[in-house]
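Chains: A, B, C, D and E, in written order; residue numbering restarts at 1 for each.
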Amino acid sequence: MSQVIVSGIITGSLYALAALGLVLIFKTSDVVNFAQGEMAMFCTFIAYTFMTFVGLPYYIAFPLTIICAGILGVIVYRLIIKPLSKSNVLSIMIATLGLIMILNGLAGNIFGFETKSFPKLINAKNINILGVSLEPNSLLIVLITFAIMLSLFFYFKTMEGIAIRAVAQDVDAAKLMGISVKRVTVTTWIISSMLAATAGMLIAPTTFLDINMMSEVHLKSFCAAVLGGFNTFVGPAVGGVLIGILENLVGKYISLAWKTVFAFILIIVMLVVRPNGLCGKSYRRKV
Amino acid sequence: MLIIKNLKVNYGYVNALKGVDIDIKGGQIVSILGSNGAGKTSLLKAVSGLVEDKSGTILFDGQDITNMSTEKIVSLGISHCPEGRRIFPQLTVEENLKIGAYVLRNKKVNLQEEFERVYAFFPKLKERRRQVAGTLSGGEQQMLAIGRALMSKPKLLMLDEPSLGLAPIIVNEIFKIIKQINSEGVTVLLIEQNANGALKISDYSYVLELGQVVSEGDSKKLLNDEGIRKSYLGA
Amino acid sequence: MKKYMKQVIILAIFILLPLVFNFNRSFMTLLNMAGIYVVIAIGFNILLGYAGQISLGHAAFVGIGAYTTAILSTKCNLSFILIIPIVILISGILGFILGLPALRLQGNYLAIATLGFGVAFSHIFMEWESVTGGFSGIKGINPPNLFGYQFKTRLSMYYFILFFIVVSIIFAKNLIKTKTGRALMAIRDSEYAAMSLGIDVAKYKTIAFLISAIYAGVAGSLYAFLFRQVYPNTFDVGMSLNILAMIVIGGIASIEGSVVGALFITLIPEFLKNIKVQNASFILTGLLLILCVMYFPYGLVDIYRRFKVWLKKKAAVKDEGVKV
Amino acid sequence: GCGKETKTTLAQGVDEKTIKVGTIGPTSGPIAIVGVPMLHGMQAYFNMVNDLGGVNGRKIELIAKDDQFKPDLALQKAEELVEKDKVFAIVGQLGTPGCLGTLDYFKEKGIPAVYQGTGVSAFAKAKGNYFPVQPNYTFEGGLLVKYAVDNLKANSIAIIYGNDDAGKEELEGVKAQLKKMGKEDVLKAEVPFNTQDLDFSAHVQKAAEVKPDVTIVVGYQKAVPGILLEAKKQGFKTQFMTSYINADLTMLTLAKDAADGVIVTAWVPDITDPNNQAAKKFIETYKKYFPNETPNAFAAAGWVAAEVFVEGLKRAGNDLSWEGYIKAMETFKDWNDGIAKGITYTKDRRNGVEKMYFMKAVWDEKMPRFEKISDFVGLE
Amino acid sequence: MNKQALNFKDITIAFGGLKAIDSLSFDVKEGEIVGIIGPNGAGKTTLFNIISRFYKQDTGKIEVFGEDVSSLKPHDVINKGIVRTFQNVELFKHMTVLDNLLIGQHRNLNYNIFSSLIMTRRVKRIEEDAKKRAFEILNILGIGNYAYYYPINLPYGIQKKVELARALISNPKILILDEPAAGMNDTETIDLSNKLKELKDKFNLTIIVIEHHMPFVMNICDRVVVLNFGKKIAEGTPNEIKTNPQVIEAYLG
């Protein structure tokens, strides 16, 4: 029991990690970036290329990839988001669907279709706490997830953070405050692309690296964000961990074959009970 | 300080402004009157760079700002309190005020002092400073919008119908505040439906009709103009 | 009659199209699939475009329609005349059920709830082997039979599907021109105002889900009749996202848009497939999606409107010329 | 065959210089992971044959269609291949949904269909123009459990299987074989997983609870290493066995030491074995035509499909009508010349490969490898 | 004239700790025009939201023509003859002015969804009639030429009028208006108040109106209720109110 719960927390923190970038974009532009997972995958391949073909060590490839991810964020912004800045949210979401196809297709062509193994952050022996076996690497991932979550949470209280939220709520009014909407948007795309890369590189040892490595994580991260509350940064963590645990418990005690069905039904039910997610604040427009 | 020459604004086929000339001297309060749809809001939006299809020239402190981006214009010291309040509904009152001072973010400003200055004008806002702005009453939102516009310490303050939805006692207050701010050296461009109040506090006024300036002059003079009285003052 | 001239001409073109060009079988298959997507997209547009409610689980309804048809046809040997009303009933009930969370959820929360519904159903199609045949699906569905005529060939199915498209369009057009359609749009624009004018928001949201589920269900039924076999992995999240893409590309809140979008999305791979570069059609499809929303933010139907505006401008210039 | 008014008996897609061949599979999108290497495997073989002058002077032209792993698109592409491109045969079609979706159509047309990239037993039953090559999963499941009981003396067995066609058929096979041996009680736990699962802690726990001597794991490449790693983490000690799907280095490189000692079945002689001439040719040729890729098990599958098809062509000689080709294929008798061994086709026997052997994975940082631990064995 | 149209009995509602309305009681007679004034944030709009059932009061009840409506759903309120406008204009933005007015007639269009799918003759006739009526009302308010405009492109003042038209077209008995004259100048405001009086007589309306524009209130209201901090601080004719020291202190200044 405790083993599956701990495992659930660890898997859940992967979902949460992947969800943070999603939430960031959503908070700035109300857009759900369907391509978040593919961006993560693409960046992870870049890291892999640095390590195997350029021969760089992990601790150099990692930050280098983060920089590349930032560039990818700028490219996505310049080529897709900016030209669409006057379009409605749905159009942008469809464009990110298109981006999935482009990134997935290109990744296959550039990096090949084989599944590869990707190194862990740290390689230490499993530790055993109260009969639960734990990988130190997983613990580190959980910590990193929470650290990123907390930094984002506090970042959003600063002037720049408030500016990001202001842009999401009213673009013209934000401009009237002297906020450069372009700069704010490109910044969030850069950060979220970097988050994607981080997520990808930390998740790859678990899912292994290939063009599909993020598909399941991405779907679940989306669920995690919504379940926890799409407009908070604490939400994805809560949602992710909950989904991770839920799936394992349903699998263990009800049915492994039907666990996805159960998990989704439970998500729907939880949402109906708390329509803004577990941590989300309800905001109703006043008339 | 602000010189507008032959300004035209179009929305598709609608010609909202058809060549407007306006000249605002530093330190003045200038008001603009006009009935619904006359193009008053369009004028302010053109100045702050929020309309796309415009022509003519707009000079601010001698600098051509016609084709500048809104954020640049604003950082030059123009503050625009827009029509329809446009507060950020999901930010708290205090966050709304804070973002009002965004252009001062790199200067050493004591935000707390600035908050207190606004709260002194509108004590109601202080009571509600942790409330999410979207749930404020209409008038409270209006106060917030004005307060937010004051936070950036502008050289030119443009107010689009600030008295809209405010109780008479606050309307009087607003005019007093405008006067006070003006006396601190801020130039004010004021759009008002409350023509009486606007004419009383302003130095100079323009009357817009169907996108054109139909008359202008010293506010005191206009206040006694028969035509103006009939169309705007309900007399 | 003159009023409907345009519509009649368009219909005539579609009736004659396969006869004149004598398309090969595989292209007819593709056209038929596109036709089925047209029906789904129209219904989905009523939900998303008009009522403003998102769903990322619509493939489930298509699947339900298809599986219901498959089961009734193979196990009970029912005629399509009976199957379709049953499909309407079942997908309507499920649409109603999915509509329930929609009463409380909005935006992404609704998107995820419906997505969950879709994922859950795609697993059910796979797992509930005794009913759905599991991964082997169901084969041997009888072709629709009308007074002894069997709709077996691709061409006959084309007309069979065309009939449903025409009915779908007429119903949808009438719906949005009248009370129900307006109520849906009202809810989309302002729930508060709608309520204060006597529109029962819950009821109409449910109706929107119900109608679009029925459209999808019937389309699913057509799907089963076209291929005469069903497999679970057809009705997955990918299909739901495709449906979404169709109406955004074609035009939100536009019936013509649904038609154009469905045809566009189903047929582009056909035009891109000749590029012999690895993955090219996949990548280009993605690129096209982006370009479409970039250059036609109101959907491809906007081409027609722009064309009309352009014509008018030309005419106006001429008029002026006369004056001078 | 069709339309043979002329004296030549050539079927569609064949002329004096070329033979057109079609294939369908997912070559874009997620499942391209399988589709592309498999396609390249075929392409490599055909290129080699063509460069050597073709078969009886005819070069083989491969037309590949992408079905995105959808049965409806597969059918549409099938119609296109048969009726528009007029191919002579369908070779190496990939994917259970697509293969099932086109089954009726190809049967109706009678076009030769060689090698289905799926282990579903429906194609062995199809007979006629169908020539499956790859061993079907039911057969393999039986073989695995037989080995576990007979050779490994297992008294308790758990199976962790992917919740898809492959896994379920494998489970069927395991159960059927145990029933045949009267040992149904040996199977202590059946644990399904979803193919996309990431977290296998519950699965492994469930299997570990019954303390099985042998645990059979069936699933695609990514899940199996995931399960092995989780088992290692939880300290679950058992003899793992898995399917030929994982009989290449991918499993070892992904699971590393956790895969040490895992027993796998194989039907393609170990492609990593330097002494295997057939395999060596495959690897060399593949690298020649696709220098940037590492040949894996999927690529080998494509190669085998092409190899078997071309052998049929050679046997048919100039009688390249569909009937002629089918007849020629039915002369395969324990054919061992290619990578795949022991293929026999008769009018009612279409099981493809019916003999496999077992290997043991050896984790060695420098040279991870498989070691053969049995001869080719069958179920009879 | 003396029948009670609306009766508020001891209404209280709180948001968090704050009482937006505090034990408020008053009534409105049939055919009256009652003004509600009070400082910003006094609870006026909240009161309207309670009538509309968007908010549920914590205590107290509301009677419409003697009938308790506290348990009604928001969409049923109109069936009691009450319809409202909104402080910040709630028009259906993506629909034309005409369509907005057709929605105003929603519950008066008597046909079911099936007959509308096949567009029976009856449906067509009802729709035609509804359109005619829409134009009638638009013309009465002098905005007939805007029928095919989208509200976003209209000046604020016109939008307010469209909203009024949309409310009127549903044949209400009680019209509740939240700052109808906001954004209008004095002349326009007086025109509007005259128009409202005319409409009141023409359609036998009872009107409750929130407005900060004192000339408007003076011109139109039979009676005025003054709120402050959710409590009623005064009630009386406009002239009485105007000179009430409490009102002057809290509101008029």
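We adopt the following convention: a contact is a pair of C-beta atoms (placed from the backbone, for glycine too) under 8 Å apart; a residue touches a chain by one contact, two chains touch by 3 or more.
The shown structure was predicted, so the numbers you read here are calculated from the model rather than taken from an experiment.
> Trace the shortest sequence of touching chains from chain D to chain E and report its length in steps.
Steps on the shortest route: 2.
> May I ask which two chains are joined by the most contacting C-beta pairs?
So the chains sharing the most C-beta contacts are A-C.
> Taking CA centroids for every chain, report which one is farthest away from chain C.
B
> Report, in whole Å, the distance between the mean C-alpha point of chain A and the mean C-alpha point of chain D.
Using C-alpha averages as centres, the distance is 36 Å.
> Indicate the whole-number Å distance between the mean C-alpha point of chain A and the mean C-alpha point of chain C.
31
> Let me have the rounded angstrom distance from the C-alpha centre of chain A over to the C-alpha centre of chain B, please.
Computed value for the inter-centroid distance: 42 Å.
> Counting only Cα atoms for the centres, state how far chain B is from chain D in Å.
74
> Out of chain D, which residues touch more than one other chain, so two or more?
In chain D, the residues touching two or more other chains are 28-29, 32, 36, 163, 194.
> Chain A: which residues touch two or more other chains?
Correct list: 101, 104-105, 108, 257, 260, 285, 287.
> In chain E, which residues are in touch with two or more of the other chains?
Each of 45, 54, 86-88, 90 in chain E touches at least two other chains.
> If I apply the definition of touch given earlier, which pairs of chains qualify?
After working through each pair, the chains in contact turn out to be A-B, A-C, A-D, A-E, B-E, C-D, C-E.
> Which stretch or stretches of chain E touch chain A in the complex?
45, 49, 54, 86-88, 90
> Within the complex, which stretch of chain A touches chain B?
159, 162-163, 165-166, 169-170, 172-181, 231, 283, 285-286
> Going by the contact rule set out above, which residues of chain A touch chain E in the complex?
Interface residues on the chain A side: 287.
> What residues of chain C sit close enough to touch chain D in their complex?
24-27, 29-30, 33, 123, 126-127, 134-137, 139, 223, 227-229, 231, 233-234, 273, 278-279, 281-282
> What residues of chain A sit close enough to touch chain C in their complex?
Per the touch definition, chain A meets chain C at residues 26, 32, 34, 80, 83-84, 86-88, 90-95, 97-102, 104-106, 108-109, 219, 222-223, 225-227, 230, 257-258, 260-261, 264-265, 267-268, 271-272, 275-277, 285, 287.
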